[in-house]
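A, B, C and D are the chain letters, set down in written order, and residue numbers restart from 1 in every chain.
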Amino acid sequence: MIVQLKRSASQKDYDTIVKYLEDRGLSVKDVRSDHVIVFGVIGDISGTDPRDLYAFEAVENVTRVSTPFKRASRAFHPEDTIIHVTPNVAIGNTLFTVIAGPCSIESEKQLDASAKTVKEAGGHILRGGAFKPRTSPYSFQGLGVEGLKLLRKTADKYGLAAVSEIPSADLVEVFEEYVDIIQVGARNMQNFHLLKALSTASKPIMLKRGLSATIEEWLMAAEYIMAGGNQNVILCERGIRTFEKYTRNTLDISAVLAVQELSHLPVIVDPSHAAGRWNMIEKLSHASLAVGASGLMVEIHPDPANALSDGAQSLKFDTFASLMDTITALSSSFGKRLS
Amino acid sequence: MIVQLKRSASQKDYDTIVKYLEDRGLSVKDVRSDHVIVFGVIGDISGTDPRDLYAFEAVENVTRVSTPFKRASRAFHPEDTIIHVTPNVAIGNTLFTVIAGPCSIESEKQLDASAKTVKEAGGHILRGGAFKPRTSPYSFQGLGVEGLKLLRKTADKYGLAAVSEIPSADLVEVFEEYVDIIQVGARNMQNFHLLKALSTASKPIMLKRGLSATIEEWLMAAEYIMAGGNQNVILCERGIRTFEKYTRNTLDISAVLAVQELSHLPVIVDPSHAAGRWNMIEKLSHASLAVGASGLMVEIHPDPANALSDGAQSLKFDTFASLMDTITALSSSFGKRLS
Amino acid sequence: MIVQLKRSASQKDYDTIVKYLEDRGLSVKDVRSDHVIVFGVIGDISGTDPRDLYAFEAVENVTRVSTPFKRASRAFHPEDTIIHVTPNVAIGNTLFTVIAGPCSIESEKQLDASAKTVKEAGGHILRGGAFKPRTSPYSFQGLGVEGLKLLRKTADKYGLAAVSEIPSADLVEVFEEYVDIIQVGARNMQNFHLLKALSTASKPIMLKRGLSATIEEWLMAAEYIMAGGNQNVILCERGIRTFEKYTRNTLDISAVLAVQELSHLPVIVDPSHAAGRWNMIEKLSHASLAVGASGLMVEIHPDPANALSDGAQSLKFDTFASLMDTITALSSSFGKRLS
Amino acid sequence: MIVQLKRSASQKDYDTIVKYLEDRGLSVKDVRSDHVIVFGVIGDISGTDPRDLYAFEAVENVTRVSTPFKRASRAFHPEDTIIHVTPNVAIGNTLFTVIAGPCSIESEKQLDASAKTVKEAGGHILRGGAFKPRTSPYSFQGLGVEGLKLLRKTADKYGLAAVSEIPSADLVEVFEEYVDIIQVGARNMQNFHLLKALSTASKPIMLKRGLSATIEEWLMAAEYIMAGGNQNVILCERGIRTFEKYTRNTLDISAVLAVQELSHLPVIVDPSHAAGRWNMIEKLSHASLAVGASGLMVEIHPDPANALSDGAQSLKFDTFASLMDTITALSSSFGKRLS
């Protein structure tokens, strides 16, 4: 942490702040020049918010130099983490893992047809929403636990792993029972109560990036889960909010590269939510493969126009199969393999 | 809802979409011109997400014309809502209600001194965080239920109402027991599971605006609470995320005006979180009064430099007292009264 | 400037970077701890872009600690600058100066009626666009030099000063002849060629904040003008782009406070462009006065519905007169005076 | 254009607005339902800003349904445009054209070495800045016309085409003389005076996307150039400003897809400015190829650490050569060819 004082700061101001830091077990190294009073703060500041120092009127500027996350950091763990989801399915390093399925689980028939397609096309994990976080209270809210049971049963039938989004901390046990990966939605990325509950869960967590979260905030949310003991976190880039409205969100493709520099955790891409337009999904999937993502999460539906949610961004089955073909063909050019 | 088709759309495309809408009880009125195929959709679309229509390839653009919220809307309820928090404290219309207290409840001594200051300076409601949503898992997380009990006891001692932030749905009953207003934090504004749980709570809800939420999304979150039966929602503007980093967030002062046009619900301002700098709070409070906000929420602390959270944005007691003096003196010029 | 190296940095990396800096006349003070290699860079870095150091692979992070602007900085010039526009009109410190007039100059009749209203209501400066930066090439583009002549003549008739927006560097002499303040539009805030041309102009410059500019970038644009010799820069906050679409832009009211902390230059507010809605202008003007702005720029029109541009945000004459009445009545409460 | 009136609108309000529209040669088709008064406006609205209607107090909402650009629109010109830059170099359709060179032209030696590398590696166009738009007035500002002459001479020596950024309208003739493509920088995207001057230029224009511009605003800027007669516009996506600070900007890779849907103009990607980090450039280049961009613009430098600008994002020569090898190898998989 680097602290810069105002030009108007007195020696007494300086002494007070130094004492405050020393009382917290930190030490100070002065780097002042003729014009600027600056010092470095040395020691463990993981429990300190640099902003707190602004409570001292004499402080001009505080800059953190170490990253606020540890367990999620590549400096802490240089090798790529590979997450073993089931005996047959893993995510990370040179693997390219494909998650697909409907936005919402609507019926056994719809889910079964989707799972069959995922399996036959070469996908690995079945997705399906059972508790839907809809922005309108008047929209379809999901089948709840019945949906989870259906997801488990269908995934097992086709030899797929299963993932679904958890809405709140009190459902952790239920999710542990029925899914292989517990998803945290973008709007819950900083629901710290939920993150803490998941930090002791027995299943891997897929953590979507918040709508306007920075990469550091995203990795800090992963740190919350890891700090409690659960080291199995998969990150999912799903687009961020920008001024552009032609697409639903803006896919931040360089975030994949940034995460790989900063962290050892695998990062996958959800082009469906990023673009919100089914016709962009294939090319954005190719781009995700090209930058080295660890996989994709794609929405598919037997009849998008009659989907109860997210029809606009769902692929038809044959389009998905064709996407899987091109992904498979291209993967080795980018050092990835689908199984 | 207005639907525009692509130039390439065929009559069959048109018929399919019209049938889809009619099957949902809606009717269609054509407004096409020579160049553009456009039609209006008439009927109750509250359960429909306009985006769903993009699942039809022939659709170019869908625009909603009615607001997606009803109970929160001024069209639905033209008069200003006044929320009666306790027999002595209300929020709305010409009242200007002041909420103050520490960011986190740290000790009985700290809270008692804060409450005494709030009361003597003419404030109405005591705030204090018991469950703190900290971005780092290594930061102080709050006193929990013990904090809530302390808040209740101290508020009662000084004849103040009490407000605190709820972290998750399973704590609704506890909060109903100890506070007069249940606060939903900015990061939980779209935690729909929590909003639903609060929609049947017996206490008013103070709903903070999300970090990058639009006003429509914010009112839609209020609608979630109201749809379940709880009509007592107070909105709180606390700054939005922008590119500007000199301030912690950017206070959107025109949002107060926008909410007053669109909704009958009272809206207050939290200048502490908006600016993140204690020395801006007085002037931003004056600005809030000037645009007609229904009140303020301000952080105060006996010793900001040693606060366990948010010291940088907390007022010292004498600065708060002086703020209350200027607010009281100015209020009548802006058609407001503090009691 | 504080430089942090990667954990993987070797002593040779360190030495190379230190030599690079020393070759540029800078010196280095080490503040490394056990975990992090960090050093401060001391000396004049005004010609150096901190980003350049990222060209060294071993660099993790570079943080500037001094502000990049000097002449615009309050540290350099602690007293408020007062800009003398004409013998009768000044801007800054305790003055509250009102600029008003039509968005575009459309005709002598329209401008004359507007100027009469401005003068009678107590305004100081007449605004009027002659070269309009319209987003569509098919929209009205302004009367050009004829418009400027009309502006001069009309301002003189009513004893007002005159301001208009300059579209490009080759028109500086023409603007110097006809106006008292040369306005730089938001879209030209980083048109450095234009800023340089204005840095030797004989008239004060009113510099609007760019649509998504930070305060630092804005002050850096002022520095461009001042570096060439023209110290008379008036800043104008006109709203920034955010995700909120109810208002045209989002008025950043705390930017007024931030500028006053960082700079000695006067800052005024343009609520017309910020809100884009005439019915918000009065209250936003009061808020601007409340935070201590040095004045306002407001669009007025005799018949907003038939204005050739910006009708939606233009005040009718009687609404403007009433705004001036309330501003005048409130000004002394906020330590300001209109003349 | 679809217009919605407020619930409080009277028949007289309705009639006034309809008359206003009819006076402008437009006609109105009513689509009102029981709850909402809505009508479509039919006719040529290209000279009308929909916002103008908000000047009528009874208007709730105005929505444009046709795109505001015509010449730039794919609806107007369904086939991909191919821009013939020189007899040997073209951009568009299945071509993948590579532009490379230093950020700033610093010396003949530096430029010559760069051009040699570009040519030998298989690139097509030499870039080099002669007039640099630096955010600080104290930074290196470029060699000016001498730089342009050097660029021309060096490009000719190696059989490359040449591109450089123009700072202002008065230099159009000079640029026409020395370069093959005139570049408009991101900060000048809405410098309408410059766009108009370029609309009659004899050379193709490369139009960079503004820092926080929407795709519609970008295409509208292209329309400005095309409206004056110059149909040869190449679009360049160079990253947009977001909250993420790890990268300099955020590459909006889906913008390439959006532009291809909305327009017939070619769009290339500048990964150097988008990421601001040289080590991300190769993978972002692959992603650009994967989504079907028409080419790349990449910064290279013989000695990035000693570059006078943008060293952090410049590739060394051997890294560039290796990038060209992988691009060439991958291109046919994505239906592109480099010559």
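FYI, a contact is a pair of C-beta atoms (placed from the backbone, for glycine too) under 8 Å apart; a residue touches a chain by one contact, two chains touch by 3 or more.
Being a predicted model, the structure only gives us computed values, none of them experimental.
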Please identify the chain with the largest separation between its CA centroid and the CA centroid of subunit D.
B
Count the C-beta contact pairs for B-D and for A-D, then tell me which is higher.
A-D
Take the average of all CA coordinates in subunit A, do the same for subunit B, and state the distance between these two points in whole angstrom.
26
How many angstrom lie between the CA centroids of subunit B and subunit D, rounded to a whole number?
39
Please compute the C-alpha centroid of subunit A, do the same for subunit D, then give the distance between them in whole Å.
31
Overlap residues in subunit C, where contacts from two or more other chains coincide
212, 241, 243
Based on the touch definition given at the start, go ahead and assign the chain network to line, ring, star, complete or other.
complete
Subunit C residues touching subunit D in their complex are 20, 46-47, 49, 51-57, 68, 131, 133-140, 167-170, 187-188, 190-196, 199, 211-212, 217, 220, 223-224, 227-228, 241, 248, 276-279, 304-307, 309-314
Tell me, which parts of subunit B touch subunit C in their complex?
212-216, 240, 242-247, 250-255, 257-258, 262, 274-275, 280, 283-284, 286-292, 329-330, 333-334
Give every residue of subunit D touching subunit B within the complex, in rising order.
2, 4, 7, 29, 31, 33, 35-36, 38-40, 42-43, 61, 63, 65-66, 75, 241, 243
